[in-house]
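The first chain written gets the first letter, and so on, giving A, B, C, D, E and F; residue counts start at 1 in each chain.
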């Protein structure tokens, strides 16, 4: 079959397409120039404080951030819910969809009560926010210039809420098809409170110590993707493999559902990245361009890699590549130009495809590849930001190695490392606690029967 | 009368059906089944991990015919369902003591 | 099983979560304070006239309202279409989806021709709008300060259109799986014209008599939800039970589809509620916060109630809870703070779950729980507005009982009662008319065969 | 059955509804008046240059265009992907969905590298854009007054990108279920580069020769719909019929999926049409009204035509009618009022239904009716623009025949003809080239097995 | 003992099942099958193009009964499954040499 | 030769299949069926309203074997498919007059 496929005529379009990407190379230099400085562009979240804007609500900015908030919500449910839901076996389809949906419910309440306060509330020793904003006490509708000067404070809170929601949802891909429901609920609440909230404070909160290191993370590559990927790894290692892995078919039960999910992720990610400009205008636009370009390039790269290696390109591969690209461009999106985005995308597609293919060697069962896509893709993205970032694109950012500032790469690597260590260790501890209270895995009988029936007494399809 | 049960490869169904029609068989009943035999399920890999499926999709054709037709029907199925590769399937023949056509109540060969 | 589940360790997360919500209690008082007055915030529809704004189109406000309009459209199709479509048996899946889709088509034309004029056109005796705006005659693009001062008049018309569209769509849940198609079309046209349009005029139209009573209904709790719920009850009573109810399995044929629908409802509801601010800014933002918070709390409340009572939490329950929360917060969303929203949500989840569980006692077949969720949830929401509304959140609103103004609760109850009586009686009359012209129910044979094949000669899945 | 259905009582609602539409007639004249001139409204793309606006970024306009861009992306994936995906047999479901998804990836990169430059770059002999903007070189975030004065240039580029993406996706409906994957990839790249990009330049690019003819095409009736429809015809003729057509059942495998896709198309089309105002305000709003109204009318018209002719209305028909309406109103949306929109919609529904029903007579296998819906609907829309356009609605536009300017109809017809000839011939040439390199059709065995397994070694459902 | 195999129209299943219950049959096994016979599949049109399906959905009921019950069972099925129109189906009876109830290991008629 | 038809609980399929393999059965054909018998469908409640399903999902295994293997096969199935609870299923044995392997045309036991 492979020999067949790779016969010259068949593979031609692939080469043609590689040529197309190669085209990008020539264009390397222009990139910086292509992007005129955008002084009027509001700075990205981390540096918002710097931007000297009068705390007057702008209707256009607010409309954009509210829409972005809705878009990011749609990334979790139905986005991740369907992307993952389609990849499991039908006996676990409903429980998988429910996990994402339920996380949206749990964290929405957790965030309003104490999550937002811990993450963005008045700093305590550069480590955590105080509980002064418990229950959104004092978080009103007038702008908070520390975070976003032209939109209501609550709009910023809502936008950040959706990030806190999607992160644990991404982890569910690692322990899919075997976790006990009660354990899942408990794990989510603890992880969000003791891992996500502090981490978000370190990186984005006023006074957060990682933020002070000067690491660039436009829309959450470390906080959201590396953290969910690493947490997923810890879960996969502790919770062990699904029964019958390597013996029974674990094929996705509904791939159109997965592609629908991937499309919605792409759609919603514009809110995730371009919305992180926290204003409508130049920066949101260049971020939008970078996001879309890297995603497309990554999907194509994964597809081509698969075409060459496996003999046939697959739909699941193309969709996974797109998600890998979205993940990788996230931290860089506000700081890089279109051509850089293509390279970041290609890197993401190839690296993540390789990671997923090598997974069996490491022997952990990252069921839906949360580690391979978010962990690897997120890490590549964070480092790539240190390579491709350019002040010509975002004056409020910094230059990367390719733009004459090698130091940035070091800072990025540092931020990655800090995140990985903290999250990995922290997640292991939380898993131990949960194991002690509810136990982690569904019983063998329940797992065989499927989580839909065993945990919820429901069937996805009748 | 006899009951002929043939287990064949799904994509051969139309061919076999048409051939039986040709030779004057007026009816048959078809069931989708999973077969297990010498032909093993394909060795598949998904996201790097490998596994083999034991069962192969097959189609079961039941034809009830008069005794004098049996050899002809068996011969026809054998000819049309054959690909020569493992998994072509089998034909089983057994006795049938009586038949009734529900609509008319007819019994015996005329009911076929 | 139940005994199993309720074993201490298993139930712990539930308790933990209850504690979490309880956390809200302490915070009761702060809520009002948490919300700084928002004078610059445009008032909600009912009081827009009051807002002294120069009739100049604001690009941000217009963008927000147009997006909101699209979002509310998405609530009906694909939102309600899939939410309901997944809950029926596969033989009725397509016809159920089609009902919502077709209502979008029918009402879009009806609204442009005479619906909008009847509902919002020049008042005639506080009862109905005149036909002066028939065919949008005179409804142009310059703002109409009576309704929204900073967006084109047609933008307001479009936004309201989507409300007129979704209301009859919600009713379809009550007569699902057995109504005759021609009867459904006729019923929809008559109901929209003779029930919805007048009711909308009473509550929102300039000069409408209910509006003049001072009842608070930010985004349509009475007009949309109570009315669809009560109409659903009338339909369920008149059209009778589905064949085989209590004997055959009536299990949902595709629950992931239902969860997709629920997620899209949540997504679109931000347009429904926050869009009702008819401007982008402070009010839209606080409405957004209230909406998301109440929805999450309601979903969790329903899930927990089910976990305790049924022994296992279900996906359908969680999704239904979310919808119940969205329904309940609708009238209150523009007037309450986050903590109040949590309480409104918890109330909605528990009340609607109870209603749905008790349904069999009353013996009517509200197939997809339009009554239990929209009727009960809407009523609770309207009354809760009279309890939790606070001028500190929206100066253009009023204080509720908990904020020292018990009178408001009475006004709310009055509005609820008026709506219920008018809609129930009116719907019965319309059903009688339709019965006389086309008959209401599909033939027994058609119902057994399924509405997809019998009414449309189509199959949902082949 | 038909006799049954057409029995007086059953058909009554149909008549009632016809009466409803008839109501529109009376209102013919008012339409123009209904729409107050909108001088402050930014002109549509083609004439943007004319609008004397200071090149300052407007946050509301930018928010609207970015959102519209996301909406148009959603039209292709998941919109078209599901609309078409549900209509094929399950053995081809995944490959069909993948085609749309992959086109999004391919063109996103192609557009950034050379597509945008060819289409909108500095004009070369009124025929094509130069490669000066290769890799977005010089396409930055400051507004380009030639195309849109109040949003970043890249925002315009992104918005146009999504049009370049969806056009080839629409074509896939014509060669569905039988094309070879490698051929599909190659065809898409060549067609986008050699047909779409030049055509877009002719019609929209500064200096484009068709644009200079004064043809009205608000949102892409010729460039997107006629071109995809005609290209589809060429493909269907060259690639020949699917095996077993007329013998085996070709019924859609999942119609709820198709209705979901149609709903998302409707939802996204607001970005497509109203977004083409390239600003948020009066013009975007009137365009939104026209779009929604025509779509609903077309869906109803198709449904009624089917009800009368076939005896039963179908879900697929209603959805197809909606898409036909969206297609037809596209070029007219910015120039016509609500009543005109109803007539355009009715025309679209009836014409496209007829075209689809007569298809077999012509003997080509336009599998999913790309020709019948986009070709016919697009042509009707382009001509209808010449009939119903009114300066009273958009002062930057022109009057149509019904508003006293018969000449416009001629210009429209000319533009249609030019597009048809160029696209048809060009597509034939490209097909010949592709045939020579990769071959066009999957082998008979592959087609019988289904494209999912044969081209991708995947199954849509397991 | 005998094995009775009846191929009937799907919507008749419940009726037949209830009738068999009535007359004291304790068990049966049902399979969804595709039938081919005098009753041709409907001539369907889709988007203008027409086609006919050869196979008709049917349901196969297998009942294993003691010899003395055969006539009664056949008669019951014939009565309840009949609509009088083509495609009502057929009943086939053949011999059964032995039966075992897995749960108890019982054999013979008592195992039915 | 004999035809052995066993109706068992679905989740027992793998176990039974492996056991038969063990003892040297080279093939079998499996069909998903709905069973009706002493084991009644579960009493389910949905949204407050209750109902019972008559049919229980079962799996039918058909094995064709030489006469001398029958007892061993029946014994094996009985042992592995047994859970001891109602609904374990039944095994039916009947005669087979002839067999053909389509691929080779072989007949008789060697074709099994």
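Following the convention adopted for this analysis, contacts are C-beta pairs under 8 Å (C-beta built on N, C-alpha and C of every residue); 3 or more make two chains touch, one makes a residue touch a chain.
Keep in mind that what you see is a predicted model, and the values were worked out from it rather than measured.
K.L.:
Using the touch definition from the top, list the chains contacting both subunit A and subunit B.
P.N.:
Joint contacts: the list comes back empty.
K.L.:
Please identify which chain has its centre, taken as the mean of its CA atoms, farthest from the centre of subunit C.
P.N.:
B
K.L.:
Look at the interfaces A-D and E-F and say which one is made up of more C-beta pairs in contact.
P.N.:
If we tally the C-beta pairs in contact for A-D and E-F, the bigger total goes to A-D.
K.L.:
For the Cα fit of subunit B against subunit E, please give the angle of the superposing rotation, nearest 5 degrees.
P.N.:
Between subunit B and subunit E the superposing rotation measures out at 120 degrees.
K.L.:
Of all chains present, which has the mean Cα position farthest from that of subunit E?
P.N.:
The most remote chain is A.
K.L.:
Express in whole angstrom the distance between the two chain centres, defined as the mean CA positions of subunit E and subunit F.
P.N.:
18
K.L.:
When the C-alpha atoms of subunit A and subunit C are each averaged to a single point, how far apart are the two points in Å?
P.N.:
So the centre of subunit A lies 33 Å away from the centre of subunit C.
K.L.:
Take the average of all CA coordinates in subunit D, do the same for subunit E, and state the distance between these two points in whole angstrom.
P.N.:
It comes to 52 Å between the two C-alpha centres.
K.L.:
On subunit E, where are the residues touching two or more other chains?
P.N.:
Where subunit E meets two or more other chains at a single residue, that happens at 31, 94-95.
K.L.:
Multi-chain contacts only, two chains or more: what residues does subunit A have there?
P.N.:
58-61, 63, 67, 249, 251, 254
K.L.:
Dump the list of chain pairs that touch, please.
P.N.:
A-B, A-C, A-D, B-E, B-F, C-D, C-F, D-E, E-F
K.L.:
Which stretch or stretches of subunit E touch subunit D in the complex?
P.N.:
On the subunit E side, the touching residues are 44, 46-53.
K.L.:
Could you please specify the touching residues of subunit E with respect to subunit F in the complex?
P.N.:
3, 17, 26-31, 64, 94-103, 105, 111-112
K.L.:
Can you tell me which positions in subunit C touch subunit F when the two form their complex?
P.N.:
Residues 245-251, 356-360, 369.
K.L.:
What part of subunit B is in contact with subunit F in the complex they form?
P.N.:
Against subunit F, subunit B makes touches at 2, 6-8, 31-38, 54-55, 58, 60, 74, 77-78, 81-95.
K.L.:
For a test of understanding, state which residues of subunit C touch subunit D in their complex under the given definition.
P.N.:
57-63, 66-67, 69-70, 73-74, 77-78, 81-82, 85, 93-95, 97-98, 101-102, 104-106, 108-110, 112-114, 134-142, 151-152, 154-155, 157-158, 161, 181-182, 185-186, 189, 254, 257, 437-439, 455-462
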